[in-house]
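Order as written gives the chain letters A, B, C, D, E and F; numbering starts at 1 within each chain.
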Amino acid sequence: MKPTVVRNIRRPDPDVVRRLGVQGVATVHEAQTRTGLMRPYMRPIYTSARLAAPAVTVHCAPGDNLMIHAAVEVCKPGDVLVVTTFSECTDGFFGDLLATSLRAHGVVGLIIDAGVRDVADLTAMDFPVWSKAISAQGTVKATPGWVNTSVVCAGAIVNPGDVIVADIDGVVVVPRDLAAAVAELGEARVAKEEVSRAAYKAGALGVERMGLRAKLKELGVEYVDGEV
Amino acid sequence: MKPTVVRNIRRPDPDVVRRLGVQGVATVHEAQTRTGLMRPYMRPIYTSARLAAPAVTVHCAPGDNLMIHAAVEVCKPGDVLVVTTFSECTDGFFGDLLATSLRAHGVVGLIIDAGVRDVADLTAMDFPVWSKAISAQGTVKATPGWVNTSVVCAGAIVNPGDVIVADIDGVVVVPRDLAAAVAELGEARVAKEEVSRAAYKAGALGVERMGLRAKLKELGVEYVDGEV
Amino acid sequence: MKPTVVRNIRRPDPDVVRRLGVQGVATVHEAQTRTGLMRPYMRPIYTSARLAAPAVTVHCAPGDNLMIHAAVEVCKPGDVLVVTTFSECTDGFFGDLLATSLRAHGVVGLIIDAGVRDVADLTAMDFPVWSKAISAQGTVKATPGWVNTSVVCAGAIVNPGDVIVADIDGVVVVPRDLAAAVAELGEARVAKEEVSRAAYKAGALGVERMGLRAKLKELGVEYVDGEV
Amino acid sequence: MKPTVVRNIRRPDPDVVRRLGVQGVATVHEAQTRTGLMRPYMRPIYTSARLAAPAVTVHCAPGDNLMIHAAVEVCKPGDVLVVTTFSECTDGFFGDLLATSLRAHGVVGLIIDAGVRDVADLTAMDFPVWSKAISAQGTVKATPGWVNTSVVCAGAIVNPGDVIVADIDGVVVVPRDLAAAVAELGEARVAKEEVSRAAYKAGALGVERMGLRAKLKELGVEYVDGEV
Amino acid sequence: MKPTVVRNIRRPDPDVVRRLGVQGVATVHEAQTRTGLMRPYMRPIYTSARLAAPAVTVHCAPGDNLMIHAAVEVCKPGDVLVVTTFSECTDGFFGDLLATSLRAHGVVGLIIDAGVRDVADLTAMDFPVWSKAISAQGTVKATPGWVNTSVVCAGAIVNPGDVIVADIDGVVVVPRDLAAAVAELGEARVAKEEVSRAAYKAGALGVERMGLRAKLKELGVEYVDGEV
Amino acid sequence: MKPTVVRNIRRPDPDVVRRLGVQGVATVHEAQTRTGLMRPYMRPIYTSARLAAPAVTVHCAPGDNLMIHAAVEVCKPGDVLVVTTFSECTDGFFGDLLATSLRAHGVVGLIIDAGVRDVADLTAMDFPVWSKAISAQGTVKATPGWVNTSVVCAGAIVNPGDVIVADIDGVVVVPRDLAAAVAELGEARVAKEEVSRAAYKAGALGVERMGLRAKLKELGVEYVDGEV
């Protein structure tokens, strides 16, 4: 309960993280039975933003970014910062100075259930951010919070060291201990989708490939001819 | 009332559809006396998206895309799919596999009062989509619905075979039987706007061109000098 | 209280306006002690939009753009139009014809707490707009309002002649009589940030540069080792 | 397309309307296979509000209640007014004077996808209203619209003469020509629910009464013992 | 710009305040030509809440109620506190202890563009509050702000000493120096409405009493007979 | 990951639950250092609703209440059901039949991050519900989910057996293993607040009781005399 900074966290296998990143959000989300997705209001600040990385979590008071500053030194190269607030807030907790500092420590991006600013600079730096808002509203440094404890970010539970996969489709959280299994399932799904894509390209019907005609019939869907 | 797929619908004259597409959403909306516009939360997934096409309508349960699959085979080349849900939902009902399948059957785009995913792929395919949300959240195929019945999509009534015109300004619905008349009115409006544009470029004032000085006077608007 | 058009307003020093524009929204907002920012729902219609200019204010009825037309002739080259409505409205009050007219009179952009349309044309013209919505919904010209009186736009007070600074981070209002002082403070801030940026790039920690270690201790934040 | 007032409409059988009113919104909505429900943001201004009545529809410009005034004389005793706007608006289109006038003509309530005011007076009069907002914001009488044409109200299609059923659970629309059939289905449902209620009161389990154990098994739901 | 507490403010004539309170929000808002209304998301915590009082304004950081505490001693009996935040926030800035303290100093209620808590106690005390949210989320006391400066509250400008009128229809702000004139106009309106009410009760039509038939004709509204 | 029903959970000490219930939401939330509060959009369906109980958690597909039915038989007398959905949904997952069934098994209330219906019946039964929406929209029983696993409900993590405290101020979650400690802290707070309340009633100032004068000075807040 006391405000705390946890210095060390267990991180997932970097190769598993890399493989999840290749798959992207939609595939990973399906691979772990459609769990772990953040709310769709989390949007990237530029369309090509894409990352996969272990989470360092930060829990801040609304309008107060003190704990982001406290988090910098516990990050390791390859990490992503995941920032939440005690209550809903759109302030700009983060800008190009913090991005410069985090990049100097190897951090690869930011997921924040609040606002960011200096978006032109962050885009020029190619520092990817997913946020709820873009806002220049500055924050203070006056209230304690937490680094590297379990948080809820945009509706999803994030534990420190969980894998964050993010792209233009949103942000998904893979629990660290399931990451290897999910990566494997995701690759199987990619392979299967490749086959489906070829079939659909050739004109195949989903209702046939997936056996949905029987389902539609069982559910009582009627087929009728319309006016012509 | 029973879940139904209507196989055949009457479609508008393709040349009328083409002419409406040239005019774009704002002009068409004005031409039909400012009716038929969907709510402005419907946004294209990329800025150059633009289409005009007859609607095949789909009505799905929230979180369930079964009826989109059922709709594929009733589409004809040149159609656009218009998808609504029984209650508000942001799930990702549609992704690149369905887009591949629809394109193989000649469908030119999607209007969905819900979410889509695989947005990077859809953009690369240049498959235009207007949606309420971008979300990787997957859907099931378990609940019956309707294909080609009247629906309300983002606040507008859409009947099967109505013309959908969509661009960066939003989405407008033109009732099939009014399409030719609206196309004509829209062309007249385009011509008239061309003249206005030239006049405004040359410095003309709208209050004079449109006779608004008298209106402002009648409404009691006072003109005063401020501090200088 | 009576509907009024104020013809002349005092404008700020053009060089001060230019200097504020160079600094951008986030810096200016900080320089005036974090005041004057509009709500973050105000977004530019294209990402490179950027301006600094004195405000001509317009207060319209919902769904009625009569007073925008009345405002055109009181604008001077270099001004920006700031449009608000009596109650919340997303209609498209403004399109390419009005933009053409305003540009012919030297107006450099639009801030509107409502909707705009013809966004493709406005973008092609490089006419910058910050708005709450993009909507093709047309408006009437039937209800009186105000030009060049104090208004609330997206949560911020705007007086005629105040400086509007707008970019991808949002929109901030600088009171005319404070503009020179704010410009100076902003320049000092830019210089200071340059030094900070270099330090952070070299790996410096914010907790040390800003003396936050003592603060964190005083606030009772505990440091613990996690599992490894 | 032209602004129009339709003077006469066909109304449903009053006894059918009465029977639907007895059943209430949730039952009627189920009876017509879960269609016709307005969005849940439509709330009664007081908790005991309840009605069933044929709809007279009104379509207004935002911030303009002219057409409500035009609608009064086409109402018949027992009708309910259903008011929508061209675009989203929360203004107070309606207050105690209009309620007094409508009541004098026998109108039994109001459904409005916008705002109302004089709520204390309306409550004291026991004049039931379902609305999107409570707002004192006054409206003008300047823009033409429609009375007794098809409208979309809070996401549901309403044709003049359709039956509106409204209570604390919301508002549902029953197409006039289906009203008798729906009333019959609703009564069957009420009877069936009475039996279910008694069974549940006695401790019966829904999973057994509705045969859901097999469903859960088929769907692969596992039962496990937790920690104790 | 510096954080400031202004100790003394000019207050309006108490009798004018009382007269405005008798008229209520809708009438006062009309009397001052439909200006000064707060956004309709401001709702009373209980339906019988009603007040008219001079405003003491407070401007707080999000999640920080320090300045409310600072404001208590500058209040005079009969005042109402009007609280806003630097950016949008729903935290519970205010509960029964602050209400007890304010009441001990004669303060008659609270208008807050944020959240409140202890709502059961506030209701039992009959301490009226209009707020954006009900939330138990506690706040800190760490960030400076302002007391008795101009603020924007829920979209309306409030200057210290302005008259706040609030009831179930919302909250309206009357500029102190216009209060007497508005009170007079409001009383005239009440008298006029009394006559209208009697006429409507007797069956008079608004289209006739207000001369709207001519307006409808001029606007091109057609009257047609429907199906019967 | 597989859909699962966990039959047995560890529950907290009933006396601790009872003590937390006496304190109410605002006090409990403060006692556990302002953590565990659900978002303020969770509102009771009637104002006197109040409960404290161990949570049985349910995770449903949007528009599908199958797992609520599956949960009934794992509830014990005194439990509260906490229901969440895979993605945001306002459908009416729950009505008077389910309430009757749950009450027969001793369940004392419902917390649901979605909609409920039959609100008049639930109120008459005095069955307390906190929900995001009231909606008659029915749901299906077709998709598997989870009972008694960790869920995120309205932004708060809920583990099975955690204590839910809910009243008119909202809903707070107390982790089962912290419940006794929080109850003790809450009681100390209640006692302390009693003293504060008496002092404030007697006219004491918070700035003095809490030593905020020094804080305000340290933060640079200036006191000035205004116009009189």
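In this text, contacts are C-beta pairs under 8 Å (C-beta built on N, C-alpha and C of every residue); 3 or more make two chains touch, one makes a residue touch a chain.
Computed from a predicted structure; not experimentally measured.
Visitor: Which chains lie in contact with each of chain E and chain F?
Guide: Common neighbours, chain E/chain F: A, D.
Visitor: How short can a path of touching chains from chain A to chain D be, counted in steps?
Guide: 2
Visitor: Check D-E against B-F and say which one is joined by more contacting C-beta pairs.
Guide: When B-F is set beside D-E, the one with more contacts is D-E.
Visitor: Could you state the distance in Å from the CA-based centre of chain B to that of chain E?
Guide: Going by mean C-alpha positions, chain B sits 40 Å from chain E.
Visitor: Averaged over CA atoms, how far is the centre of chain A from the centre of chain C? Could you give it in whole Å?
Guide: Centre separation, chain A to chain C: 30 Å.
Visitor: Please list all residues of chain E that touch 2 or more other chains.
Guide: Touching at least two other chains: 2, 34, 37, 86-88, 90, 135, 137, 142-143.
Visitor: Okay, what are all the chain pairs that touch?
Guide: A-B, A-C, A-E, A-F, B-C, B-D, B-F, C-D, C-E, D-E, D-F, E-F
Visitor: In the complex of these two chains, what residues of chain E are touching chain F?
Guide: Residues in contact with chain F: 2-10, 66, 69-70, 72-73, 90, 92, 95-98, 100-101, 104-105, 115, 117-120, 123, 133-138, 141-145, 148, 160.
Visitor: Can you tell me which positions in chain B touch chain C when the two form their complex?
Guide: Within the complex, chain B contacts chain C at residues 24-26, 29-30, 34, 37, 40, 43, 47, 167-170, 172, 193, 196-197, 200-207, 210, 212, 215-216, 219-228.
Visitor: Which of the residues in chain E come into contact with chain C in the complex?
Guide: Residues of chain E touching chain C: 1-2, 32-35, 37, 39, 86-88, 150, 152, 155-157, 178.
Visitor: Under the stated contact criterion, what part of chain F meets chain B in this complex?
Guide: Counting only chain F, the residues touching chain B are 61-64, 86-91, 135, 137, 140, 142-143.
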